[in-house]
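One structure, pasted below without further comment.
Chain lettering (A, B, C, D and E) follows the sequence in which the chains are written, and residue indices restart at 1 in each chain.
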């Protein structure tokens, strides 16, 4: 497997604090990779740096072999790199269906296209069906529960048929049943060739879903390996339990 | 029913009793019946994996979050539904996880804010003097802007500020988060000196080893329930703790079958613990 | 089920909009029926006026209103015009051009008033006179004499003042140029408000002074909202001109004086087009002592001997109190507009619009502003009088035919 | 597939067409039924302001950028017309200035592009203030560029040679056409991806950019079209009133009026601004005509204004829709319950807004933090 | 050169008064993120109050500050409680713009009914006095007004820095959650903070009334300047507002002298736009930190 995403020596400082410290890792194409680490280890910052929401201080990021340093989030999204947020960000004034359609990306010309083209509608209907959201398709997103919003955000980023999806804590605040649902969606999309990089706290989720785990502590990559290997690695336990 | 967790302090009366507390945000539930007892003069460290509900426990105690069920008792009195201000007057001080100093104000002004509810200046200044003995930084850097202090120094000022309330109970939420090792040592030193001065502390700590090392008692929270309690030193060596952190057999491995429609609907209705996500 | 949900967002918006339109129409209709009774019965002569009772021009707008009221009361006391009682229908235009257009539309096409008088300010007179002209109404107006008013070439418009506003400074230029060459000023400054009333006055004087060899040391305009004239006046003070010719409106005249007093600069002559000719406001705002020697131009004075002036003063004081010196010129000018109508009725026996238009294009019409006559576009053909503050009162000093005192030169020092 | 979602896929729905034709018919019929001059005059101002409110709504309502500088472009249009058709000209048929309007709109739209690019670097509060500044710059320019604008002396527009009997009607129909154009463009924007993008920008601009929406382009487009339409309104106005003075052509009160109309009727709705204008404009003009002298009108105006904001913060139409939606949702939920289908009712019924009675950071189990 | 320095002196003196007015407005923004479009109307209302106190009771406008300041504080606090507190949080920022504008209209309406729309000015015995210093003229009213403004800015600074209430305000601005945890009642702080911001209008009103003729509609012009000042200084930054206030005074009066008064306003707006181009948050605005 080749590396779809390659992060080398990425560094980000906020004032005195070095949030990400010469962090390096790569995500293999077709993998489900977890990015774990204790609170404050810089996971979300890494996400923000990769997706262009924050500028990096130094280091390089390559997506599919091309450097994407300094790219804007929208451009990356159109290139097939999409993400979700820890606190699901959906558009409350749009309906569930529209939340999907608006995320479909598309060409310049499509800006002037119909609000909801036949292909958009079909694609959205598929995803809604798959994510069991059809019954709320015409509700405003602001009327959804938390868990439904997380599902919706996840479904929305799939609209553009991305190659790499960065999920920021897909299970945060959702109940066990929904966690299972999330896991099965991730697996089934992975089977169609979508690569996932997931920030996750729920270790059992990581163990059952992911095939590679990157452990971050204080902004540094301390360990990379299979879930089982990472689980038994004393460095990881130290990172979690402290010194 | 919530006895027998105190190894060495049976004679001390319980200061805080958290009794079967159920709490959450919106319609969701994070704490699913938490029981804890804290005795006067004890330092208890609450540890557990992310999302277990540790911060939520502190919030139900300080009044920032009203429990849906169960009771919070302080010195035997039911204070479950009291507002934060009322709790503050009872001497329950909450130091949140985020930095709670006012960055543009001087260290001294930050301290004075700790005495906001206090009308008696004499007592206030006496308490500041008292705090200064434990935390010399508040006099040595008194006119520095709080924002210019290092993270560890800021935590020290925050801890010093709690003393102005002559607190019965200090609730510390992840005091060491985001700090470099040196600052972390400063903070745990400070917690130890507070403990030495006989303050009762309920501490939530991600850094379980340092946290337990600074505490008398420990409790492990997982998925909204207290899984383990005991003297801090015992928990430090308990292999079960590591399992709770890094995931293990308690979890049924999720099946690959798509869930039935009804359960999926029930699932999506579970809402948000926004505070737990940070 | 889906259909139901979607439909909240789309259904019946048309209904709402239609209802709103209906509401609008019915509001208008209601109000129309409520007041239509007040309009013409054959025995009343209804004269419609839109005045700025609120907004930027509210202050002079109300002075005009008082003038009309005094006139109407006087006429009615004498039995009205040709036996018809005069009713003034005065509405507020908020000093807004949209409202002034709406008001004259309503007055003419809805309330069918018999005659209209003009609003206050050239800015509102222009759109208003267009509306009136469209309906072939005579547009007798006492407060819109800017150049653009006459540039419309309206045959139906008549500006009831002795001369177009821009010529207000001519009388001062006449006076200065009537002096022996040795006594004339050598240098002059022209600060002016950027306003259609004020700026052309200073420009006109400047043109004539320069032609006569008087050197311009300062010339500049300031916008209406300039809170502070001190920088300009400081610049002028530094240039030490012999004469200052100010194109002023009202508040800016007071501001100019204040600044000059504070700067301790006292020119030999100080002429201010407007503001300084306000009998009560000026001494009130700048202090009585500081008025001494200031020139201005005017068309009416409390002790004027012109036709009807004494009656006007008496009636005004009886109605509104105060003193003769406290009467605003705008009130007198409005009164003169009424006088003109009264005269036409007396001379022709008719008061319809066509008669008014035909009559005013010929002959002279004696009013309390003196004898007035108009050219084909409604510009009056007379001239203003030069007035000066002497002993705390405004005195006509030039031309000799109306002078009640000799001009005081040089201007006495500021009182401080 | 449901009929509703079938409609969604078409650019113009049959229902939309019906509504458009009905409204057009209404607009055409109004001045013919209420043909008194004063009535047509009132209708003219109402429709003109409705057009401007609809235009403002594109950027201020849908995109959530509350521009307070639209009056600058109104003035631009007014001066544009006065520059080409000066007072000394004699027009042959009187319709020439109307033909110039598309050019005026286009010009204003182009000028708006660089301005919008700068102004939209900031969000809500500051954007509002920057656009106010723009308005004052425009007014100062109008006063000072005497060669073009005539300065404080004003600029005159060629007098319209229309017959008295129908004098107001060409202006009314021009304004009505502009209103239909503005509504048509809004409708199209809403029915295309642009509408989705604008709503997304209002809700969460960063996220919108992150999912590949071309936010800058869409925002600029909306701003440019919006001010272009307002500039055209300025052109019609100048021709109607006949004279253009800086303080009236670039008047802060104009912006305030159209913002207020939009908020009253309901922003980010197609019909809200029209409704707002239909209520406010006649109310204002008739209030001024009948009780203006009493001076209480300003107090009454402000009081009504405050009451509307405090009682109907979303505006009339959205409030009505929201109420109906809530009751209908409750009905569906109970229906669903009756059919023993698991329901999301309680969650769904939670109103999307929480009153700010409690300080934001104190949470209770009942309401989550926002 | 003489005229330039004269203009400079004038600009600083005038700017001091703007600084005082703007400090209140920026304080209000800092505390509750509300752009108060009624600040100008409150200044004009205060000018009328001072006018009445002077003409009816012969109270000197500078002394009248002692009466008008507490009065304005109460009116401001009441206004916040009645009209701003009930706003829904989701779009409070936009709605508060409209509410404060409506408030301005309401004040204008009340003033025009009470006082009519005639221009007023306060003419005290010293209205036209001036001092001569090294050949430069300094008007007495301006000098007193400037000194009073500086004194009141000092007082405001003192209140914010040294009092319990001031600390609570600053704390709320910087970290509302933490302030609440320490027992600060945010609702009360907002109402009193709004009152404090409005109370700066009282003294500004007295000085404004002494310097310029005013009427009920004068606030439109005033608010456009104040907005420029607070945006230039950075919304929420009092120090920024003071510097920007003096800057607007100096720029417009120097431009009036060097160039032309008709363009002086323009020059200032251009400066404002340029500053915003480089720093959208204003000269002294900080993105992450609060006011004071």
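Rule of thumb we're sticking to: a contact is a pair of C-beta atoms (placed from the backbone, for glycine too) under 8 Å apart; a residue touches a chain by one contact, two chains touch by 3 or more.
Values in this document were obtained by computation on a predicted structure and should not be read as measured data.
The busiest chain interface, judged by C-beta pairs in contact, is C-D. For chain E, the chain with the farthest CA centroid is A.
The most distant chain from chain B, with centres taken as the mean of CA atoms, is C. Distance between chain A and chain B, defined via averaged C-alpha coordinates, is recorded as 31 Å.
A separation of 48 Å divides the Cα centre of chain A from that of chain E.
Averaged C-alpha coordinates give centres for chain B and chain D that are 52 Å from one another. Averaged Cα coordinates give chain B a centre that lies 77 Å from the centre of chain C.
Annotation for chain E: residues touching 2 or more other chains are 112, 177, 180, 262, 265. For chain A, the set of residues touching two or more other chains reads 138-139, 145, 148. Along chain B, residues 26-27, 64, 84, 261, 265-266, 268-269, 271-272, 274 each make contact with two or more other chains. By the touch criterion stated above, chain C contacts chain D in their complex at residues 1-10, 13-14, 16-18, 20-21, 23-25, 27-28, 31, 35, 53-54, 56, 90-94, 96-99, 101-103, 105-106, 108-110, 123, 126-127, 130, 134-135, 146-148, 151-152, 194-196, 199-200, 223-224. On chain E, the positions that touch chain C within their shared complex are 2-3, 6-7, 10, 14, 112, 116-119, 121, 123, 127-130, 132, 137, 139, 211-213, 215, 217, 221, 253-254, 256-257, 260-262, 264-265. Within the complex formed with chain D, the residues of chain E that make contact are 29, 33, 35, 83, 85-95, 97-99, 101-103, 105-106, 108-110, 112-113, 176-177, 180, 186-187, 220, 224, 227-228, 231, 235, 262-263, 265-266, 269-270, 272-273, 276-277, 280-281.
Partner chain D is touched in their complex by these residues of chain A: 51, 53, 72-75, 77-78, 82-83, 85, 89, 91-94, 97-98, 101-103, 105-106, 108, 110-118, 121, 135-136, 138-140, 142-145, 148, 156-157, 160. Across the complex, chain B is touched by residues 16-17, 38-40, 86-87, 132-133, 145-149, 151, 169, 172-181, 183-184, 187, 201-208, 231, 236-237, 240-243 of chain A.
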